[in-house]
Amino acid sequence: ATLDDVKARGELNCGVSTGLTGFSLPDANGNWTGFDVSFCRAVAAAVLGDGSKVKFVPTTGQTRFTALASGEVDVLARNSTWTFSRDTDLKLDFIGVNYYDGQGFMVRKDLGVTSAKELDGATVCIQTGTTTELNLADWFKINNLSYTPVAIETNAEGEQQYAAGACDAYTTDASGLASTRAAFADPENHIILPEIISKEPLGPATRHGDNEWTDIVRWTLNALIAAEEYGVTSANMDELAASSPNPEIRRLLGVEGDLGPMIRLDKGWAKRAIAVGGNYGEIFAATIGEATPIGLARGLNAQWTQGGLLYAPPFR
Amino acid sequence: MSEVIDRRIDRSHMQVSDEVAIQISRMNKWYGSFHVLRDIDMTVHKGERIVICGPSGSGKSTLIRCINRLEEHQSGKIVVDGIELTSDLKNINKVRSEVGMVFQHFNLFPHLTILENCTLAPIWVRKTPKREADEVAMHFLKKVKIPEQAHKYPGQLSGGQQQRVAIARSLCMKPRIMLFDEPTSALDPEMIKEVLDTMIELAEEGMTMLCVTHEMGFAQAVANRVIFMDQGQIVEQNEPAEFFRNPRSDRTKLFLSQILGH
Amino acid sequence: MSEVIDRRIDRSHMQVSDEVAIQISRMNKWYGSFHVLRDIDMTVHKGERIVICGPSGSGKSTLIRCINRLEEHQSGKIVVDGIELTSDLKNINKVRSEVGMVFQHFNLFPHLTILENCTLAPIWVRKTPKREADEVAMHFLKKVKIPEQAHKYPGQLSGGQQQRVAIARSLCMKPRIMLFDEPTSALDPEMIKEVLDTMIELAEEGMTMLCVTHEMGFAQAVANRVIFMDQGQIVEQNEPAEFFRNPRSDRTKLFLSQILGH
Amino acid sequence: MANVPDAPKESFRLSMLLYDTRYRSLTIQVFVFMLFMAGAAWLVDNTIRNLAALGKDFNFGFLWNRAGYDISQRLVEYTNDSSHGRAMLVGLLNTLLVAFLGCLAATVIGVLVGVLRLSKNWLVGRLMTAYVELFRNIPLLLWIILIYAVFTEATPAPNAFRPNPETGIASQSMFLDAIAVTNRYTAVPNPVFSRELGWLNLGLFYVNLDVIAVIAAAVLGWWLNRMVKARATRIQNATGIRPATWWSSLLLLVGLPVAVLLGLGFHLEYPGLKGFNFVGGINVSNSFMALWLALSLYTGAFIAEIVRAGIMAISRGQSEAAFALGLRPGRTMSLVILPQALRVIIPPLISQYLNLTKNSSLAIAVGYLDLRGTLGGITLNQTGRELECVLLMMLIYLTISLLISGAMNVYNASVKLKER
Amino acid sequence: MSDTPAQTVPFVRDTMLPPAPPPASQAGALRWLRENLLSGPLNIALTLLGIGAVWYLLQGIVPWLAHSVWSADNLTQCRQIITDRWGEGATGACWAVIRERWTQFLFGFYPQHLYWRPTLAFALLFVALAPVLFARVPKKLLWFSVAYPFVAFWLLWGGSLFLPLTVAAGFGLGWAAFALLHRFGTIPAVAAAVLLPVLWWLLFAGDLSRDLTGLVGREVPFWLEQVRSDKFGGFVLAITIGVAGIALSLPLGIMLALGRQSDMFLIKTLAVSFIEFIRGVPLITLLFTASLLLNYFLPPGTTFDIILRVIIMVTLFAAAYIAEVIRGGLAALPRGQYEAADALGLDYWKAQRLIILPQALKISIPGIVSTFIGMFKDTTLVVFVGLLDPLKGITDAVRASTDWKGIYWEPYIFVGAIFFIFNFAMSRYSMHLERRLKTDHRQE
């Protein structure tokens, strides 16, 4: 089983994007940071007790699912959209949603385009092997517009093509657009068009059939979300563990109950997961939030208590 | 050539025993549908020195190569040193290590020194310790008069020297029978003599020899039997004096007239 | 070799006229700064048969190749058949089609049959109708005694046969002068004779010939002048009998002693 | 001796399996065969078990499902409603297109460079050597990326061809008003026929009858030209004088197709800037251009070496012999050198074609949707059928390769020089 | 009419002429110019064209190169420096990126304090190659060549010394089995020599090495800091894959070449099918097989390192090409060599090992070198299975950093130059070898 493999290996293999600022990006020394990366580290901390015991495997839109299916990675945290056929036919298990997203378009400001409907005849850069590729085809067909797709492999390539003017518009998940735009030297010269043409619930995925492992990954994500909901942060969690009267928090932090052993981990698993990069909110703020150059608002990704869609099932 | 004949050869040691070294009976061989050797019958006794001659393409090389099974015969029987040559690999290898062969083009191994050429087979086939093999090799290299070349490579030697090394290489396996296939025909005239001298010395020591050659001087001096082949058959055989003086078949006469003519 | 000399050659037809075929005066040639031919003076009359010999590297090939301008000379004058060789392409082509050349390595065209080899130049240079060219070619192939090989390819012939085809190929252009550059030196001894025979026949018919060769038997039998070259200069020339019997310069003596020594 | 008694028939012993030359090879082959089968069975068994564990099957049914993605360069009708199988066909045709054009250009470049490298001109010789060494010693992938970069980074956007609304002057203008090299594509005129003959349905795709007519005319011209040449040879054989044929050749090879083109009302539709992009002409994408140029230049360097070696292999003696016979250099080349050099050149040349075809799979680097990009890329990813897609892709490449090398063997056999 | 006309006076030269200097047209720069650049109108045209081409190229490149900046922290700063120094609109090369990141191009993400290990491994490679390449090196060094793969593995990946040792022990075991069983015939010996090591590796090697490591602990002579495969990148990766591929493909290629020459139908068919299959598909598809399909073909649950998988595929790929090269070498050997070996009583394997292969391999060295060059270039393709090759993997990584986003030509030129130097040197060396083999292949 995957859990045993990971433990035996002493290392979690985590599939991430080849480079998307804020989500997953290696620095000059090969250290990875970002939203997806933090999730991988949380899982590693939960399972192995050390958030640095992760091997990040860069995957492209095309190679990611095979990397997972072939066992090259244990978890895929690569802003992948949860779709019916991926969940069933491709034999993946999406363990939840960590970012509610939708597909958008980015164009140069001086193009004078204000709506995607004006893109008739445009050249559009699109990553191959993604849902966005299919959405794009559908959307232009529905709206009876024509376009020329320029197939690209990685976000870096798309960025470069778009920057060089080889395509009029770049389309991908809105979060990806924001990240790409933030990385430009002149973000102010680019706009993201208002149309969101699809639903893109992004979430980590595991292989179909290994429920034990899937549970671990799923509840690690839930723990991060729940922690934010209950106000557990990396800073105050020791204090809360000692003093909080809330049984839910106590169960989460492993002071009470036997949740850890139920998924073949020890009691402190969730605590360790939160300790690496903080709870969901902390991770979000540190990697892609409004204080970062990427500047994404919580929007749909706020807790349900704040009018968003994040809703962790109870820890009980 | 005349020198060879003139040379006084001491035939006293060259005794022929009654023991049979090679026995070939009713042997036939085909290349595809081409019948190269036809009903060859031949007995060679220990110590015999046989010269085989005949026009080009008459099957001399093929015959000699059948004896250590470089070529396979299709019918009949070849018994070498009491071992019948069948498809049994063990027998074949046994025969090959008892029978030395010297080729027209020397076929020395160019990547090995002279000494290594000579010790290769003793070490790997006979499993002789290297030191011993070296000694034996030096002995035979001395015998063929080129001990000083032992550490050179074949490419650095003249043709005649190379052929003598080839002979020494065969001798290092201590063979009971030596086969020669036109050992001098690829050599310049000056070098032929040195090789023939080596062969004569060998003959004087009583080695059983089968030699395909057109050096009739050599045949007269050394052979105790000359076999003439044509079109895959043994046409005539006789002792050399008789053979040259009194060839019986017309083909032999024609052949001798051509070969001795110039 | 001795046979060639022994052969009784009918010299009666081999007349030398007074007409000049080739006239070379004060010709010099350099390869870069290397002075290959130095002050060559030479007159060849119609019907003359000249043999050029000399040590390797003495410039024999270069001289002969200057005559049909496969090499360019840098000073002096070469007049062939009344046409001076300058850089004028038309003259060069005219000379080349009047002068036949036979090379050491035959240089037959391997992708064409023997017959096609012989008719190629007549058809494309002389604009002979194919039928006629074929007839001429067969005539000359008969003359060199291989008409039956006409439809084979060069690769299927022996060296001697190939060289004879090369001679026939040149003859098909009906040249007035034939140049030979060591035509027999790449051949096996048995084949040398057949090629020399062909050349002798040619000489008997009165062809003007310049021949670089070391076949001294041929020189004695056929040549009416032997030229000895060394270091790019003509060192001695004489009629063959005198040349061989009585070489005057030391270099010639040395050379002859080496070449006839064995 | 009436009868040599044959040796008594040897009874079969087990050791003969190892030591008898007759049985030994059989033994070894059986042993190897068993090993091979065991290995194959092991692989197949693993695969079946792995597939089962993943809950997958081995099934090519997905080829008939809707593909859903768009391909910008397509030689046959294709929309995102077409099937994955059709997308594969589009990809395969794209592969073949770039391979074919690549081989063509590489040959031209290679022959030119190979001959120039032999020229006496020092400067040109050095330049050609530099070209050959540069391209041969640097990975093809780098050339593809570099040339692609030249196209995307160093050429203007289509917008630059738009006249400035104030001044009325565009910062870039089209070459001959017909060709525009932009950072997305090269817009070239579109050949159209005003008197169309229509389309012919071939089941899998349609072909344009006009194009067929022009090709037919070209073939006819070529065939007639051969007749003319043959006639010239006949006249030459009879009279020795070869009539000049260059003008009739020109007329037949060029004139005939041109006449048909004119007859069909052939004209060019020029690209014009409309909206974001040029329309009306054909937009040849930069990914295609980069891949094509890089493949041609890279393979051209290898071909240049082959050509040079081929010509040099024909020994100097051959041309000297021809000169000595009075043949002029041109004739020497066409009658003596080329026929021989071709035999030496063509076999390695074809294996370069093979390499080029295989290397075209590097299209992945520039997003050109060839066979690997469609079947082995998007389709594989959308359907998750790695095993089927990769195997099918290998099979197709293998088939192409075997066809090419089969052709080479036939050629080799037919031109082999006769030897003794 | 006389036979010798009167005109042909006998002639003897008394004094030999000394060589004279060539006329002006034959020497000096003038002649060189005339002959090499200006002979005939075609040549003049070519010369002009050539000068034009050179001029055009230089015009584009020289100013760009002349405006090189060697130190800057990021691209914006670099561009600023160029504008400051050479005025508005000037373009120039930002070599600063190379200066800052060159270690990454060479070593990928290999830990900096361990750079000495790949460097040492690379240096030792030459020592290991010496006995193969130079005849004069003492043959004892061959032992080092045999040990080198294990040394290099340990240096590159680190970890316990016992892992390479136990693996090597497997080979030793095979060799011992062969030597012991040889007297019972070649076939059982070969079978044992293959099976025994495989069993050893599968059943004992792993545990043994773990136990031994546990025994001695992680101390320096037995333990080097472990470096994971995902830290490999740049030229270290390319050279590792290239060298491992060639080294491993040699034995396989030899077997295939011998198989192809075999007169046993089945073996020949298998060898030919394998070779033709591998040569008929692009390397990329094989690499995809390595990354996507290999796990389907292996027992459930096996996972192993992607670099190792790539090396396996590259090995198979190179083996097919090497097999063809060696086949050429085998074909070039005269038949007499086989016959002489037979006549001396050497069996097939001994003849191959002692006589045929040493010669065939030597003839094949130039071909092997070219195969290696091809393979070295092809290692750039590993980027498509997610490895950090120097060409695209590392440059993309460099460009992904905010500092150097937008830089394009400089990294490619740098990587291209290194590839060129490597490959050009190797191809020259192989040409030199070819010439040497041509002249003295029969002499040492």
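Every chain is named by a letter (A, B, C, D and E) in the order it is written, and numbering of its residues begins at 1.
To be clear about the criterion, contacts are C-beta pairs under 8 Å (C-beta built on N, C-alpha and C of every residue); 3 or more make two chains touch, one makes a residue touch a chain.
Just so it is clear, the model here is predicted, and its values are computed rather than measured.
Following the contact convention of this document, E is the list of chains adjacent to both subunit B and subunit D. Ranked by distance of CA centroids from subunit C, the top chain is A. Among the pairs D-E and B-E, the greater number of C-beta contacts is found at D-E.
Of all chains shown, E has the CA centroid lying nearest to the centroid of every protein CA atom.
Ranked by separation of Cα centres from subunit B, the top chain is A. Averaging C-alpha coordinates per chain places the centre of subunit A 84 Å away from that of subunit B.
Here the CA centre of subunit C is 50 Å from the CA centre of subunit D.
Centres computed as Cα averages put subunit A at a distance of 43 Å from subunit D. Subunit A and subunit E have Cα centroids lying 41 Å from one another. The set of subunit C residues touching two or more other chains is empty.
Residues of subunit A in contact with at least two other chains: 63, 66, 70, 160.
Residues of subunit E in contact with two or more other chains: 292-293, 295-296. Under the contact rule stated at the top, the pairs of chains that touch are A-D, A-E, B-D, B-E, C-D, C-E, D-E.
By the touch criterion given at the top, residues 68, 70, 93, 96-97, 99-101, 103, 105, 107-111, 120-121, 123-132, 152-153, 155-157, 169-170, 173 of subunit C touch subunit D in their complex. Taken together, the subunit D residues at the contact with subunit A in this complex read 53-56, 68-72, 80, 152-153, 157, 159, 183-184, 274-277, 279, 283, 285-287, 364, 367-369, 373, 377-378, 380-384, 386. Contacts from subunit E toward subunit B in the complex involve residues 334, 336-337, 339-340, 342-347, 350, 354-355, 358-359, 362, 440-444. Chain contact summary for the complex, subunit D toward subunit E: residues 18-19, 25, 27-29, 31-33, 36, 43, 46-47, 49-51, 53, 116, 119-124, 127, 133-134, 136-142, 145-146, 149, 153, 358-359, 361-362, 364-365, 372, 376, 386-387, 390, 393-394, 397-398, 401-402, 405.
Those residues of subunit E that touch subunit C in the shared complex are 1-5, 7-8, 10-13, 16-17, 19-23, 25-27.
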